[in-house]
Amino acid sequence: MAIYVDENTKVAVSGLTGKEGRFHALRNRAYGTQVVAGVTPGKGGQDVEGIPVFDTIAEAVRETGANTSLVFVPPRFATDACYEAADAGVDLIVCITEGIPVHDEAPLYAYLQYRGVPMIGPNCPGVLTPGVANVGIMPTEIASPGRVGLVSRSGTLTYQVVHELTQKGLGQSTCVGIGGDPFIGQFHIDVVRRFNDDPGTDAIVMIGEIGGDEEERCAEFIAAHVSKPVFGYIAGFEAPPGKKMGHAGAIISGSKGTAQAKAAALEAAGVEVGRNPSEVAELAAARL
Amino acid sequence: MAIYVDENTKVAVSGLTGKEGRFHALRNRAYGTQVVAGVTPGKGGQDVEGIPVFDTIAEAVRETGANTSLVFVPPRFATDACYEAADAGVDLIVCITEGIPVHDEAPLYAYLQYRGVPMIGPNCPGVLTPGVANVGIMPTEIASPGRVGLVSRSGTLTYQVVHELTQKGLGQSTCVGIGGDPFIGQFHIDVVRRFNDDPGTDAIVMIGEIGGDEEERCAEFIAAHVSKPVFGYIAGFEAPPGKKMGHAGAIISGSKGTAQAKAAALEAAGVEVGRNPSEVAELAAARL
Amino acid sequence: MDLLEYQGKQLLVEAGVPASAGEAANTVDEAVAAAERIGYPVAIKAQVQVGGRGKAGGIKVADSAETAREYADAILGMDIKGHLVTRVWLEPAADISAEFYASFTIDRSAKQYLGMVSAQGGVDIEEVAASNPDAIAKVHVDPLLGFQPYHATNLVHRGGIPAEHRRGVADVLTRMYAAFESLDAELLEVNPLIVTSTGDVVALDAKVTLDENAEFRQSLDRFREIFATDPQERMAKEKGLNYIKLSGDVGIIGNGAGLVMSTLDVVAQAGGKAANFLDVGGGASAELIANSLEVVSSDPEVKAILINIFGGITRGEEVANGIVAALDKVDIPQPVVVRLDGTNAAEGRQILADNPKPNLHAAATMLEAAAEAVRLARGE
Amino acid sequence: MDLLEYQGKQLLVEAGVPASAGEAANTVDEAVAAAERIGYPVAIKAQVQVGGRGKAGGIKVADSAETAREYADAILGMDIKGHLVTRVWLEPAADISAEFYASFTIDRSAKQYLGMVSAQGGVDIEEVAASNPDAIAKVHVDPLLGFQPYHATNLVHRGGIPAEHRRGVADVLTRMYAAFESLDAELLEVNPLIVTSTGDVVALDAKVTLDENAEFRQSLDRFREIFATDPQERMAKEKGLNYIKLSGDVGIIGNGAGLVMSTLDVVAQAGGKAANFLDVGGGASAELIANSLEVVSSDPEVKAILINIFGGITRGEEVANGIVAALDKVDIPQPVVVRLDGTNAAEGRQILADNPKPNLHAAATMLEAAAEAVRLARGE
């Protein structure tokens, strides 16, 4: 069992004919993921090492049964690919693209919420269900199949914790890198909810960072709804305070968003919080 | 029992200080409806015969507990009032205003669908639950409390049928005039669903017209889901064919939309269809 | 409000959509002068609000002043499907390397905007829709989101536009959608959308319908011309009435489209036939009622008039006052049957009772009113 | 990208938001010349990317060339909260009849745009938010729907704007939102938004933050100035590195903001303190790694450098090549501890092993690397 991606996942890659898209899509396929289509307008009819390319996602979905859109296109075209995927009826969008303007992400977020289409990212490493499917850019050699679910905003920090878990003998049900942008499609709370409902997941590791209030909200959700053990780690105790020029941000957030506040909120919700990536893995290993 | 409006309905009237708004809101109140607030930007603090006026709907909701927005403002400002009402958290919007541009109605329709806020209208006579509450411009003297639910696109045709029902001794649970514009908030199917679920309604009278395919869709819904007796009437057998200049409309609709096709669809769904307003009331009276 | 081809194209150009330029002419001499200014070959196109002009001989290409005069003379005054040609449009004869179809309209059923594109343009698109529906690509556009690049990509690829023209057509589609929104258009149809030999994508024809409800932010008056040839329809348009001529002998006046349609039906059920559709709308004033009576009674086919009013916003006393005023002011030769119910109906009936006229008949119900009007129309 | 007051106001004016006009000056003579052109009284305002300029003496009103010279001389070169004043802005001293607060920004928590208005402008708005939160009206705006008249109505009424100024402020709010969108702004804050004695509503100050991700459609180069006084921060900005100076002695280079933050934390847990934050981002090239090493090692406070890379898009061999190149090219006096994992980490470790350097230390884990770097920084 797993969340978001599993053996039924059929991926259509927007930007398959680009350098990054090709590199990672072929890696994803080599890992066993069903990469069934590429999408590049004007290149319909071509193929990339046997993966057929279509002009539109709608055609890719109709012709190949693709149910997941993996987006590698450059920032200025990325949200357009996500809108197209949502209209084409996929069940999940994974948008790897980094550097999308926030004024493009904000309306996309609203549209996907309204349409009920979940998106991982943008600016994320994707989703890896070890041994089953990798949709994105996560290095797979550090992961191993198992029953710990992992969710994180940060890319490399995700890898670090997955690595530590694997080294301590704790395999993963699914590893989800939700991305670091202000308007990502799925937040900690959405992923934790799915792990809690997933029979293949016994425990949850949640990695957070300074900024925003998502970890605090997730802590409230955990306290109220999550029965499985949750282990947490927050990065940024030593981080310099963010330089913000105007006052509007401070009015909105008040004093929230520090690593201290986030760690305290998680502990108050019954989450065991480690001080570093190794420690959170040790806490999980000791309990499981 | 009733649908949309009942003894718990608390109405905030946008445009209360205008001529039409004032006339009908006071009539609504005289009928027993709880008309708790008016909304006119810049006139906050005033009152209309004891009904307090606020600058914004949000204030009206907070101060008076209004849960229904009744919109009487002129076409160029009407959709703005509807957006405001949706954001202010009302449970129902009734928009009487006629003559709103379709390019204003279309995005409003999408927004309300996304936000899950039901709207009756625009360009409609409103909702009347006889003996309990009248939210809109329907003449009340023709209605009587009872157990027949009525839904219609047309204003005056609604009155005609209500009148016929009352004269034949059939009171109404609720009379709903959904309006005749392309992007009305609630369609026949939405209202019929509510009547079917309403313990206060024993039978449904559905009035349609030529154009569109709402009646046909509603017929499918009735065949599949409605257990209560439904009586129908379609106007426009003798109507001249609509003059449409372009071909786009014809490509979309095919040959649908005639009174013959609609009446046939309803009959195929088990609906007893009358040939005129009197006959549909007679059919209902004979059966009930 | 339906626009003529050339009006639509002028609006498109103002809104940034490339369309062929030219001149309008109302007389043969004007047409020839315009042709001389434009040069030859020149297309002379009948301006009527109906399709199938080409087949009817309403579009000709002239290569000299002589042929321009000959064709303009033939086309002006021509009757195309009941539309009298009173104006022609002249433009340089197009140099066409490909013809496509493109439109934006409102899909009432899906409750979204609909864009359509086909590589099979320049022909009867309804026939294409019937015989080869896959040749027409359709894309729904969420009005909140607006037309995005992926909509254009989907339309040009699925509509079969050849690779070399996709970018040009996608650009024109984006401009068409912007025009569809900014003009408050209900329909914006271009058939054919041509590619010239130099590769430009241009609207060669345009069917544009504007939303009259948007008049407060659009200047529509410049298009407000009366093309009706029927005298009652002309009079009704001049008075701003919502009137459609039909073929029967019972004149109909009612309030609300639904009730008026229902009135036509019950007249038919009573064995008669309506002479017209006339909806006075909500909140009709006495003056509007009087104007309506004047228009309907001026039709020599009308043998009896049925007024069917169920008041909501419309108030009974206003209707009654209008009827009385009209009967006082104008000579209404036909019998008039009045049925009045709803808001202030009692007051209205009282006014009618207080102002008896020999040709004024009151009826208690809609069915009785219809039966009475049909009977009177037969002279019974 | 944070703009200076005057840059923000110039952008606002371009986008249709009224803001006070004036001239920038980098020297006292330039300032006096500008003051003479503008006339007196003239406001001379320090241009620094930090709040509280007024209290710090960074804003003065001069009424003659003499006082203009005196004030410009005092302000230029002033240090305001660590920001050196190298430029002043001169504008006609405002004629203020009321001061409000208005802003648009992104509410990450609500995932919508947020507009805020208060009649209590011209003061420390964070203090108002703390002491009297109801004095600040907030309205969320759905990015798909955009800013509608009702948003403006709600802001001006609930923000307490006096009746006579509501229409003017609502109009400016609508323009501000349009600018917020068209400029790809993350923040657009005007405090004070003033009403002049003639009733005009004008932005007297502006804090504008632009989204550097939107560079492909915005011209941001004109604002790309380096204000940092710290030499490493200057060097890092020149090389386009994401570097922040801190106060410790362990130089940090890592990939990904999360991993770098975590690295700072584990260095602290190992008893040390980071000298900087430096994130090389995803897919870092050998050159970027070499540049990073150069910047970090140039800091005289740095006693040891920790490179912590976990490859995803970033590939181990690129990182290793960059380290080798930097150590070959530049003289790096400090010991360098390298920890490499993830994509192509084995290849990267091999490259490092094949190019041994006396000051290059490999570590197997992040915690070991941190401990080693702290130990080396102490000279142990």
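Order of writing sets the chain letters: A, B, C and D. Residues in each chain are counted from 1.
Methods note: a contact is a pair of C-beta atoms (placed from the backbone, for glycine too) under 8 Å apart; a residue touches a chain by one contact, two chains touch by 3 or more.
Not measured: the values here are computed from a predicted model.
A.B. asks: Using only Cα atoms to place each chain's centre, name the chain farthest from subunit B.
C.D. replies: Ranked by distance of C-alpha centres from subunit B, the top chain is D.
A.B. asks: With respect to inter-chain C-beta contacts, which pair, A-C or A-D, contains the greater number?
C.D. replies: A-D
A.B. asks: Could you state the distance in Å from the CA-based centre of subunit C to that of subunit D?
C.D. replies: Taking the average C-alpha coordinate of subunit C and of subunit D, the gap between them is 58 Å.
A.B. asks: Quick check: how many Å separate the C-alpha centres of subunit A and subunit C?
C.D. replies: 53
A.B. asks: Which whole number of Å gives the spacing of the CA centres of subunit A and subunit D?
C.D. replies: So the centroids are 28 Å from each other.
A.B. asks: Taking each chain's centre as its mean C-alpha position, how far apart are subunit A and subunit B in Å?
C.D. replies: 45
A.B. asks: Spell out, as numbers or ranges, the residues of subunit C touching 2 or more other chains.
C.D. replies: Each of 142, 144-145 in subunit C touches at least two other chains.
A.B. asks: Hey, what residues on subunit B touch two or more of the other chains?
C.D. replies: 107, 111, 114 - these are the residues of subunit B that touch more than one other chain.
A.B. asks: Could you pull out which subunit A residues touch subunit C in their complex?
C.D. replies: Counting only subunit A, the residues touching subunit C are 41-42, 44, 55-56, 58-59, 77, 80-81, 83-84, 87, 107, 111.
A.B. asks: Considering the complex alone, what residue numbers of subunit D touch subunit A?
C.D. replies: Going by the criterion above, the answer is residues 2, 49-51, 103-109, 111-114, 116, 124-126, 129, 136, 142-144, 181, 184, 186-187, 189, 191, 207, 209, 211, 213-214, 216-217, 244, 246, 254-259, 261-262, 264-269, 273-274, 277, 282, 309-314, 341-343, 365-367.
A.B. asks: Within the complex, which stretch of subunit B touches subunit C?
C.D. replies: Contact set of subunit B toward subunit C: 20, 75-76, 98-103, 106-107, 109-111, 113-114, 125, 137-139, 142, 152-160, 163, 180, 182-183, 207, 209-213, 235-240, 245-253, 275-278.
A.B. asks: For the complex, give me every residue of subunit D touching subunit B.
C.D. replies: Those residues of subunit D that touch subunit B are 140, 142, 144-145, 148-150, 153-154, 157-158, 163, 166.
A.B. asks: Using the touch definition up top, name the residues of subunit D that touch subunit C in the complex.
C.D. replies: 144-145
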